[in-house]
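Working notes for the structure below.
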Amino acid sequence: MKAPVPMHIPDGFLSLAVALVLWLVSIAFISLALRRAGKELPEERLPLVGVLAAAIFAGQMLNFSVAGGTSGHLLGSALAVMLLGPWTAVLVMACVVSVQALVFQDGGVIALGANLFNMAIVGVAVAYFAASLCRRLFGKQKWMPFVSAFAAGWLSIFIASLAAALELAVSGTSPAAIAVPAMAGIHALIGIGEGLITFGAVSLIMASFPQLLDSEVHKKSQTALVGTVGLIFTLALLVLSPLASSKPDGLEWVAEKLGFLQLAQGPFYTVIPDYVMPGVHNEAAATILAGVIGCGIVIALAWLIVKRKQTAASKS
Amino acid sequence: MIEIRNFSFAYAPEKLALFDINLQVARGQKLALVGPNGAGKTTLLLQLNGILRGQGSLRVGELDLKDDNLPAIRAQVGLLFQSPDDQLFSNSVFDDVAYGLRYQGLAEEQIVGRVTRALEQVGMHGLGQCSPLQLSLGEKKRAALASVLCMQPEVLALDEPSSGLDPRGRRGIIRLLQQLPQTMLIATHDLDLVGEVCSQVAVMDAGRLVRVGSSETILSDHALLTEHGLRA
Amino acid sequence: MTPGGRQPDVYLPGQSLLHRADARVKAALLIACLLTLSLLPVRAWLMYLIVAGLIAIALLLAELPLVVLLRRALILELPLLLVLLPQIFLNGEAGSAANESLRLLGWHLVFSPLALQKVLGILARSALSIQFAVLITATTRFEDLLGALHALGLPSTLTAILSLMWRYLFVIIAEAQRMLQARLARSAGSSPPGLRWRARVTGGMLGALLLRSIQRSQRIFQAMQARGYNGRLILSRIDPLTNAQRLAMAAFAAGGAVLVLLASWMAV
């Protein structure tokens, strides 16, 4: 079973530090999704999630020829979000990515945390953000669902690929100047296929069961968090990527500016073996640390924003 | 054993699926529910153990169907679904048959015993460790039946038990149903099965019960059968 | 192909030591192997050789056709080669001793022995990880692996969801394949219509597949309810680990740690 999109990172390509950090982040998000998904859907979510994960996995086999021998495939984060709401979509995509890794070796086992983060979390959050944005901008238009399907499909693939590229760069596997443009370029094209298939699927569903895509259902509690996180991922990755690739030491430059570089010289960080990232010194450890703390700040910020909005709403 | 009085059900406000059904099935009796597609046969079967809830009175044995005795009703009524693939949702036949017993809280040793007996009853002895993916349609139907029989229900509600089977498979199911002692309500298009297994027949059409009578009477009433789409 | 789906052919049945070993032990072994490879210094060639040797022994213990296992891994490894090879030349390193520089289409190609070693190291780790993972999945049924993951901490909800996914994966894949065949049968055409139309048709197939799956999941839920499902999850019982198994798992972890420590001592 070949991977549908070249985004599954195999084992050996990520440094252990990056892999472990992303494992922790993924576990946190998926645990949250387990709790929240129950509010999105009624009781029958158990078979629904399992069977839909199987359907999306199978759906990735439905290809169509794009140009010359290449064919477009589906990843499915956007479609899952539009059908099921963000938290359930996280669970569905997590199952898909996990089975791909564990059974078919599409993506590594140690790297599974990173792949889950890219496809099941970033992909879903960004897709949800794009869909909500379209709904807010074009809500009354009849063509809104179709545009938002395409936009969600394209953006989820594109941004997720940036995340993967940056992970490879931080691990020292591939300099950002190569990884980012390569991944971004390829996935900007692949994203078009994803957008088109998502659009096609939404068209069919609109024609037969439009109530399945009813956004009212998805406006239940705490999806605002996902939308905000999606927005932040999108902005952060769009900013970081060109930064990282334009300056070969882009990430170190960021770390230096944030004052972390001094910390890196301390004895604590010699625990991280520098020979895991050949040719790079302890600055890399500093950038990883910056990334971790940065992620934490981003998520805490998003939480605070949402909480403030909710208390404001409940007061009015 | 089964008493249905003034029973109606609607999927949605305008979509009435069952109109004023009145039906009795005596203990040990096997009654066939026949009618064209869309007559409401499956809908009626799903009412029997509370999966769908309609208006009216429905009584199984001593129990009236109510919100708070659904587990007891479901232990009494074994439902065999139309598609065995929907009913065999575990990764091994053993787990599928043991499923209901685990929710009844039985100890593991008891469960093993009951599963073995149920599999023997349907002629699937030794196939416990198979995945449903490895089974033929006939074997799947029998495994699904075992998953219901092991709970030792008093009533069996079967939805198209012989559909899709080759002649040998049909023979096997018919023989099995003839041997089982439970009270049965069987929805089917298979008039041969009706003749060989059931003593009573109820004809349904468009959500209504058109006629109830003995098998001989109904099966020989060609005009009735043709009128309700049961004879070409 | 039966309408009910074909058996997955990832798992290759057998009676070898590896097949009969408990899935929890094999999962621990896999994780130990992968972690060890991740922790080794990139240029720890001797250690890679040792790990390769151990994997080779495991391959023989599985008593399965070696060609099949090696081929599966190779197919997965080849794309990595394509991705990594350019890195040897496009590594942005300038001014290292003993390099040749080449200008090609505006790219500055520099052959760097350092980059070559890095790429070979990554390739070695990746290939060995993939080969061992292929071996474990070929000798372990996914249902058993799932049970092992549950015993090692995977929440019951996720275990149940993955179990259902596995059950219906090949059923729905068979459905998808039938749809592809039907589409093929109808495309007698010479020049296929535009991209947008093709994507729309494919998307339509996908939408139909998803809708049917949603309906199927509702029927499955009804079947679960009919047999007594009350919202609480009861998973099949799994025997506790024996002391021998626990010892084996500890030994794997220890072995990996020894290799890593040796390697770091040698690298200094």
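First chain written, first letter: the chains are A, B and C, and each begins at residue 1.
Here is the rule we use: a residue touches a chain if its C-beta (ideal position, glycine included) is under 8 Å from a C-beta of that chain, and two chains touch if they have at least 3 such contacts.
The structure displayed is predicted, hence computed values, not measured ones.
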Fill in the blank from the handout: Among line, ring, star, complete and other, the chain touch graph is line
Practice task
Go ahead and name the chain pair joined by the largest number of contacting C-beta pairs.
Solution key: A-C
Exercise for the section: Tell me which chain's centre, taken as the mean of its C-alpha atoms, is farthest from chain B. Expected result: A
Practice task
Provide the C-alpha centroid distance between chain B and chain C, rounded to the nearest whole angstrom.
Solution key: 42
Fill in the blank from the handout: Distance in whole angstrom between the CA centres of chain A and chain C is 20
Problem - Centre distance in Å when chain A and chain B are each reduced to the mean of their C-alpha atoms - result: 46
Problem - For chain C, residues that touch 2 or more chains besides their own - result: 8, 163-164, 166-168, 171, 216, 220, 224
Problem - Where chain A touches two or more other chains at once, by residue number - result: 47
Fill in the blank from the handout: Among all residues of chain B, those touching at least two other chains are 89
Handout entry: Sites on chain C touched by chain A in the complex
Key = 8, 10, 30-31, 34-35, 37-39, 41-43, 72-73, 76, 79-80, 86-87, 90-93, 114, 117-118, 121-130, 133-134, 137, 142, 145, 155, 157-158, 160-169, 171-173, 175-177, 179-180, 192, 195-196, 198-211, 213-214, 216-218, 220-221, 224, 231, 264, 267
Handout entry: chain C partner contacts - residues on chain A that touch it in the complex
Key = 6, 10-13, 15-16, 19, 30-31, 34, 43-44, 46-59, 61-66, 72, 74, 79, 83, 91, 94-95, 98-99, 102-106, 108-110, 173-175, 177-178, 193, 196-205, 208-209, 212, 248, 273, 275-276, 278-279
Exercise for the section: Using the touch rule from the top, collect the residues of chain B that touch chain C in their complex. Expected result: 46, 49, 51, 71, 74-75, 79, 81, 83, 85-87, 89-92, 95, 98-100, 102-104, 108, 131-137, 140, 147-148, 151
Handout entry: chain B contact footprint on chain C (complex, rising order)
Key = 2, 4-8, 143, 163-164, 166-168, 170-171, 216, 219-220, 222-230, 234, 236-237
